[in-house]
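Read through the structures below before going on.
There are two complexes below, and they share chain A, which is joined by chain B in the first and by chain C in the second.
On to the complex of A and B.
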């Protein structure tokens, strides 16, 4: 059973890799734009989320949710709906 | 009460309409360009009233209780696509703006005519949208002989990216992957098309593909172009998004302006290098997805605009003989209309098993019978010879072909998709080395380098081509046996390939017999087959289009059903 903490950990790792920022700079409540999240990186992360959880997410996900914590909540909801 | 599901292709280029009945059978499909006689019908709605009203009236006449549902080939609007600002990474802003504008215009205007024509027969007023790549996958599966397959959709742009991968099993489909982000092989090829001095908006990518055969790839160009892409776990990425501008700038030195440099051969090396990279990256994508998803079969369905690259398809079929590759007759966005209609049927009926194994692409309009009957009395400048017996007609045609006549054929229903597959074709003998130039000079008026296609009975394909594979929709350019090339110079491209169409005796008996009779007379079971049009125009739609082509070119004869038309001297 995937938990919101699992998703937060996955997204933190993915964001660190994609955005090439230090792990210390990424917390669940850090605004994504503050760590360099642009629409280009957002679409890459969406692809990674789809691969990891075998779900399909909406493109607006990364723009409507401001932080990793918010994205994780939304991803968990999608997992519940689609699985 | 019977239901009919109308699919409308609304990308903005290649609008098309398809009608599917309750049984899941596509009873009509045609691109709008045919009716309008305007190549790609850019920006036009998919439902032109004068085009579709007669077809719908016939359905309603035969089925007084018919009701209709409408579907379109996009889920998202132009505004809601993600990362729009990255769309111009390879294409010019001008091209991106044009694509965006025509997409919006078509989405806005499509459906108005149908609502007017159908009135109360429309069961739902709204047009249901479906995921663009899913439409591609369902449409491709409709023609697929394989019940199980891995399906790759590769095009310029989808709802969120330019690649999707689906798995088909016994009529049911599951999406395995969708590529997010701007990396796009379709956009890459469009960029190269513009650099070579052709128009991607006009869909001239195939001119680049043909030109590629006239040069070897340049190692340095290949290395630089290849550095654009990275394939990982079935996905395509731009290797370095920040370095794209630099490469784009670098390649501007190869840009050919046709008004200053009319010699397109100066772009052959770039075309060849780009085709090489396209082939390498697409092969890697296929391999990566096969590895990732380990499908239980060796069946591959390849669709989306990139599946129109017949040079790649031929290479894939030849190199990977263990794969069974299916490319549908209309892999581009016109073909999606069938997918949208079938998806709507599935949604309304809650029946999620999709049909497949529908071989024939002859789903379009027929010639107007009333005009045809009157033709012998109305054409003062043309001789009309009525030959009711098919065998006699074939004998007459073979006699003309042996005299190196160039003949336009319009019989039966028009093909759905960009290729002329014998029902709206110009045919000629492939034996004369002069024939290619003659057709270009006398009829088509197109670039001299571009190849013409061979058609052959499917049981004889291995005698002439190195891959013993079916190619019913002229989807693959396959190497002709070296010792046979001299015998069919008019259909042998510079690199020794031919974009072959294989003809099935059961499904296409008339064409099959024509080829056999030509073989009996000439020793060659192959005819040259090119689309019945002139350069810059779509394939002919009406009797008037066919007669106009006869009268304004040096075409020797036109066959309209069982009439042979020739000019009075």
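On to the complex of A and C.
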């Protein structure tokens, strides 16, 4: 079973990778816009989430949720719904 | 995140700015590719050949080709278009009820536009499903999964047309026939086919606009047999927005950002000011659209002067055009 912690770890790694920020700057409660989230990176990150968990998520999610913690909660909900 | 413009004077001034450009879809897709996203090649090629997403020299070169294709249609096909419209209207059942969208508006694609463009795919219905809503699909917040699905649709559509070219059934006088035989640029056959498919996809608002105009006439209690005016066309025109991004050379320009110019709201003298766009991106299909709309509206109301609306439904999910999805009419 996937947990919120798993998703948080995956998202943190992915965000550090694509946004080119240092790991210290990314905590579960850092506002995503503060680390450079734009519509482009939203699409890219959502693509990574979709591949990792084999679900469908809308890039708008990244703007409706403010932090990695919030996105992770939402992704877990989607996993439960779609699996 | 974006500015919605509704005032004519403001829109006019903004649209004239040098830095005001169409959305940079190409740059966006290429950026995704640089981040190792695969499966977007066909979409990237399409974007390069679509005037909607180009500026500068590439836009000039493309518009030159697109306008030439429309000249071919208007010069060589106007009698065919009139005959076909007459047949389509004649085939409508005189005493019954019918959905105008299904029975007439949507028929312009298969009966009118495809033959003139030279698009004769074996499976016409799935070709339509793959192409006619392309514009709607290319929005920035589409997920990668959806972008890749669009890429597949484009690929299928191109293959379907390549088969007809290989089979030798594309007539010379069609838009595609003309492009394949008489134009040097673009060089590759696949790019020529793509241009004609893009042109076909761009015709989507024609059917919607026809339905809107008929619905408006049926709702208003005035003479229905008069010729269609340009003002009525403007009021029925389906597109919702002109979408622009301002990139003034001064990085800190207060104008820089994303704009949606609300076509339905921006009026001048009580009439939409830019129903077919503005300036260097003005609709290349305007002349053809006007020709078809005038004749179709005239034929329809000559045959059904006393038609009434029984049911009308609007598609709430279409964010880029005012679309009536169902217009049930009783003809007597």
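Please note the rule applied: the second predicted complex is superposed on the first by the 83 of 83 C-alpha atoms of A that agree within 3 Å, B and C clash if a C-alpha of one lies under 4 Å from a C-alpha of the other, contacts with A are read in each partner's own complex, and residues count from 1 in each chain.
One rule holds for everything that comes next: contacts are C-beta pairs under 8 Å (C-beta built on N, C-alpha and C of every residue); 3 or more make two chains touch, one makes a residue touch a chain.
Being a predicted model, the structure only gives us computed values, none of them experimental.
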Answer with first, second, both or neither: which of chain B and chain C does A:33 touch in the superposed model? neither
Where does A:44 make contact in the superposed view: on chain B (first), on chain C (second), on both, or on neither? both
Counting only touches as set out at the top, which of chain B and chain C does A:18 meet: first, second, both, neither? second
Quick one: is A:56 in contact with chain B, with chain C, with both, or with neither? Answer first, second, both or neither. both
Which chain A residues come up in both lists, the one for chain B and the one for chain C? 39-40, 42-44, 46-47, 50, 56, 59-60
Listed in rising order, the residues of chain B that touch chain A in the complex are 76, 80-86, 160-161, 175, 177-182, 233, 235, 237, 241
Mind listing the chain A positions that touch chain B in their complex? 39-40, 42-44, 46-47, 50-51, 56, 59-60
Complex interface listing, chain C residues touching chain A: 28, 31-32, 35, 37, 140-145, 147
Touch list for chain A against partner chain C, complex: 18, 39-40, 42-44, 46-47, 50, 56-60
